[in-house]
Amino acid sequence: MAQITMTQALNLAIDEAMAEDPGVFCLGEDVSAKQGGGVFKVTQGLTEKYGAHRVRATPISETAIVGAAVGAALAGQRPIAEIMLMNFVAVCMDQIVNHAAKLRFMSGGQTPCPIVIRTTTGVGVGFGGQHSDMLEAWFAHVAGIHVVTPSNPADARGLLRASIDANDPVIFIENILCYGLKGEDPGPGYRVPLGKAAVAREGSDISLITYGRTVLDALDVASDLAKEGISVEVIDLRTIAPYDEATVLASVRKTGRALTLHEAVRPFGTGAEIAANIQEKCWDSLKGPVRRVGGTFSAVPFASHLEQAWIPTKPKIVEQIKLAMGRL
Amino acid sequence: MPAIDRDKLRDIYTRTMKVNRTDEKFRALLMQGKVAVMYYCVRGQELVSAAAMAALEPQDYVVCTYRGQGEQTAKGIPMEKWWGECLGKATGTCKGKGGTMHITDPATGIMVTTGVVGSGLPIANGLAMASQNNGDGRVTLVSFGDGAANIGAFHEALNMAQLYKLPVIFLCQNNRYGEHTAYADHTASPSIAMRAEGYGMKGVRVDGNDVFQIYPAVKEAVERARAGEGPTLIEAMCYRMMGHFFGSDFSYMPPEHLEEMKREDPLPKLRKVMLEHQFTEEELDAIVAEIDAQIDAAVAHALAAPLPDVDEIYRDVLEETA
Amino acid sequence: MAQITMTQALNLAIDEAMAEDPGVFCLGEDVSAKQGGGVFKVTQGLTEKYGAHRVRATPISETAIVGAAVGAALAGQRPIAEIMLMNFVAVCMDQIVNHAAKLRFMSGGQTPCPIVIRTTTGVGVGFGGQHSDMLEAWFAHVAGIHVVTPSNPADARGLLRASIDANDPVIFIENILCYGLKGEDPGPGYRVPLGKAAVAREGSDISLITYGRTVLDALDVASDLAKEGISVEVIDLRTIAPYDEATVLASVRKTGRALTLHEAVRPFGTGAEIAANIQEKCWDSLKGPVRRVGGTFSAVPFASHLEQAWIPTKPKIVEQIKLAMGRL
Amino acid sequence: MPAIDRDKLRDIYTRTMKVNRTDEKFRALLMQGKVAVMYYCVRGQELVSAAAMAALEPQDYVVCTYRGQGEQTAKGIPMEKWWGECLGKATGTCKGKGGTMHITDPATGIMVTTGVVGSGLPIANGLAMASQNNGDGRVTLVSFGDGAANIGAFHEALNMAQLYKLPVIFLCQNNRYGEHTAYADHTASPSIAMRAEGYGMKGVRVDGNDVFQIYPAVKEAVERARAGEGPTLIEAMCYRMMGHFFGSDFSYMPPEHLEEMKREDPLPKLRKVMLEHQFTEEELDAIVAEIDAQIDAAVAHALAAPLPDVDEIYRDVLEETA
């Protein structure tokens, strides 16, 4: 099969959806041809194909961007809004949380709000404190919205396509460090259903539950630890919320141990919900407490070696697994 | 003085009285303790809403606020459904889940009623953007207050609307107060309308209590929008003749203001216009009587209607829970 | 001792701080005398005493309100900003999270940001979907900020005073339904230190960990269950984040069982962090999984009986306690 | 043409060249691969920043953006600390924790450097509010871009500033682009300055490449602010002569624009002004040579400086972790 990058995978998903459905359109800062198709080039080539009305470069006005997406969705269209970096959701939470997520419920089901909000973030590029946060936990805590993130190009294509299909709002989180990641192209029409996790690697000793970029770290750690005789099962959530509880619980019932992992800061992160739920539902299967690894509880620092120390590195993951296994 | 034909005058009068009689009825029910919900009175602003809705076509979109009774009833939400929602009944537009601050009725074009100040403007742009994209010829009107003109969403929405020449109308109902704060204590410029210029947009300030100002202003904005000429900001001057919501204290309003407000009451003014245009007292009273009858029936229906099923709290969260 | 309402307690704390420190000032919508001292009257009487510059009524501009507080704090003052209802933080998260919470860290300690953001919320008053949310979990997940909420007038006075003293930003959450609550006035100068929980009632069978309005429900439930021979220890966190881990863990080590309770929706709520942490740190003391009770995972509905069904009612709390005790 | 005395001209020239030589040095280091960090070039905007800082007093406050090198160095942050921060060293203003986008140096009045577009404006109001409250006579200047003028924070901040007559100056550096988007593609009004009127505020648009326009405009705004006459919005026209950040592509800029930009380059223009004012080539070269020597020393110092302690990730989170 052909190899594609994450960026190409995303672009293909959007391209395909736009070709099939005239109601799909993109909007966001710098997204159109005149600006080079977005600062991360995800929307490159689409203006030429679908025209300026369907690839709208916007002012720096995130509230107006998401608000416009909400309004267009109420009128039956399927907007894909780009928020350049995840920290900027902080200026438009109202449109996302008080409106997009609630309009189906508050209208008694009359006005579903099928929008996709694509955004990106990531620690390790030296962007500093205001451009690196992973804020998925905020959205996971809000009813009425899907939170999705891919860890590889095939999933990127399939999850984005499914997100555009969805009849509810989706926060679609990309990781800057993964745009160049290569992988197999699953081909046209490919969908990965929302709410379904993947067992990225099977194992029998411990379930390592993660998503996005850290799936790569998890897989590395799993293959390293296999050499030491520890069999790690890696679960890639793909949809962070509402997440695939069945797959997670089945895995933990099998392995008897669990570790959650995310780049977001650990306290009150998504790992807390997963851990709390596992211990409640799998109490009798657990051989020890569920452990959690996450980013350091501070703003992301600028200096490169501080930033590297900040992230949940592989040694930290290994340490927690060994603790869980009683091997430390 | 631009002319308005008699049919349109009758239409505006009917809508105005529908708004007013609904408001009176709601206050009566609250006063009698027959219902106990949040209600944001529209006394003093009836004509603005009614004239604006009369300038739209049925398929046009409207976005309004918690103080949206005027737009909602004047646009034509069936009264039973409107009252049902306000009373939290299963028969309401939103099955009682939205409530007085969140009336939605796509069938009549009431697309969103928001409780967050200013947040309707960007959403209105989106509705208009959809119309621009799919060429359905619809116009979107969003109503908001003077206080809302100071929140970021207003600014972002106006700039974006003008940039794309969206078919949208920004109708600011300047009732001189944002909750307890008077205009001059929240805004340093002499008008909201003049802000339009900073977006390259057309802006007009009109007397919202004068049908010959408010109706033509909205009508022209609708025509411009429909013709692809872009958005308009209309500032309609009016008065909030009651407190911020029913039952809330309004001792902070100075007596001169209360005097002025009474002098400018749109209802006697409109009645006078109607009489000048050869409508008879009897004709006008008959219109009101019919409205009252409809309202009474709708209220009775809503009062008798069933409560929503308790499981509604789990429904309509996501599609799979619908 | 004299009895005061929650509203009076808050007012006294602010009044006292303003009298002692000329750098303390209030700003927010409708807060000054001309508007009647705030829609919930917490700032009543302060304009008359301290002048209009120190009780500033603002336009409806939450970003400008919090931003102004941040700037004034950088210049050495101690602003108290009022955000009328908690859902409106959604329009100004950027100033709170990307700025107030991070400026100490990003400046390498040069610019602490001592602001108090007072806000209120609550389910049960018929305000509907956009005016009733409890969003404390969002802030708890952010480094550099304290999240505080009182459950009684004495704590309100003491916690607000301590929040104004604090050299870091504080989100101070009030509950609309509690403004009228009466209790003893602890008197001038009273402080309740941030980060210290209270054991609101001692017990030996289960630790019920909660905060704010639901402390009242917890105490009711505890006294009801005492009659059935179940001894419930009620922990009032008072500071939700960073919370008093020591008090919580000590209680659970004693009782061997734990239940978290909040009005906020359950998934990804603060109870998840507390539960995840308890099971990790008290594994050997636990007689069963940590359980959680929270609001229904939907927007808050309008119709009164739906709203009542939405909240975590006392029967739901009792049910979880009995489950934990093996009595169901 | 308003007169600027020779001392002030020398001062402005020195600050301008400090900004420019710092920019050149940074680009050289990046090009040579000696450092690898995000850097937002200020080529083409040197004079705006320098003249603005020259119009302030040392105790005045400044809020700037990721593209704030000009304000930062021209206001007088010690070079060693500035370079230390940009290189992520323990000797930096923020111990390497803030970085190029987040330089803070209260000693010289650089109070916040924000990476979130437009968010500095409300914060500037707060600094100015503190000065108004405590009567310290300080003025606050906030610098931001043309793109930032379309975000909600701009609107809210300007309205509030005028309402309270805060001693604040809003300096919009209109470099014709917000990232890849040209002015006309993000703003429908012919100027940003004209938006001031909608807040009852004074607004002026000036040529930021002409010292006789930009310096007096800021100076006057400072005087008005200091005298309690309230805020001013200044739109300084200039060019961003490089891409959005160092190394980023700028193929989206049309050739005519690049031509125009070169013609309007503030540096040759300022040099000409200096010569016309009887400064000699030698004098001017000596100023630059001294700056270069200072920069070289500062860069050497920063390159040799220690990295911050790894435990810094746990410090300065809350007071108890300081």
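Going in written order, the chains are labelled A, B, C and D, and every chain counts its residues from 1.
We take it that contacts are C-beta pairs under 8 Å (C-beta built on N, C-alpha and C of every residue); 3 or more make two chains touch, one makes a residue touch a chain.
Since we're looking at a predicted model, the values are computed, not measured.
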Practice problem: In contact with subunit C and with subunit D at once: which chains are those? Just list them. | Solution: A, B
Quiz item: Which chains does subunit A share as contact partners with subunit D?
Solution: B, C
Quiz item: Taking mean CA positions as centres, which chain lies farthest from subunit A?
Solution: B
Quiz item: How many angstrom between the C-alpha centroids of subunit C and subunit B?
Solution: 36
Quiz item: Measuring from the mean C-alpha position of subunit A to the mean C-alpha position of subunit C, what distance in angstrom results?
Solution: 30
Quiz prompt | subunit B and subunit D: spacing of chain centres that average the CA atoms, whole Å | solution = 45
Quiz item: How far is the middle of subunit A from the middle of subunit B, if each middle is the mean of its Cα atoms, in Å?
Solution: 40
Self-check item: For subunit C, residues that touch 2 or more chains besides their own
Solution: 58-59, 61, 63, 87-88, 90-91, 94, 98, 105-106, 128-130, 143-144, 242, 297-299, 301
Self-check item: Touching two or more other chains - residue numbers and ranges from subunit D
Solution: 94, 96-98, 102, 114, 116, 119, 150-153, 156, 159, 163, 185-187, 312, 316-317
Quiz item: Does the chain-touch network form a line, ring, star, complete graph or other?
Solution: complete
Practice problem: Spell out the part of subunit A that touches subunit C in their complex, as residue ranges. | Solution: 63, 87-91, 93-94, 96-98, 101-102, 105-106, 128-130, 135, 137-138, 140-144, 241-242, 264-265, 267-273, 275-277, 279-281, 283, 288-292, 297-299, 301
Self-check item: Contact set on subunit D toward subunit A in their complex
Solution: 36-38, 88-89, 94, 96-102, 114-119, 147-148, 150-153, 178-182, 185-187, 249, 251-252, 307-308, 310, 312-314, 316-317
Self-check item: subunit D to subunit B touching residues, read off their complex
Solution: 150-156, 159, 162-163, 185-190, 194-195, 197-201
Quiz item: Which residues, counting only subunit C, touch subunit D once they are in their complex?
Solution: 22-23, 25, 53-54, 56, 58-59, 61, 63-77, 79, 91, 94-95, 98-99, 103-112, 143-144, 146, 166-168, 242
Quiz item: What part of subunit C is in contact with subunit B in the complex they form?
Solution: 29-30, 34-36, 39, 57-63, 87-88, 90-91, 126-131, 296-299, 301-306, 309-310
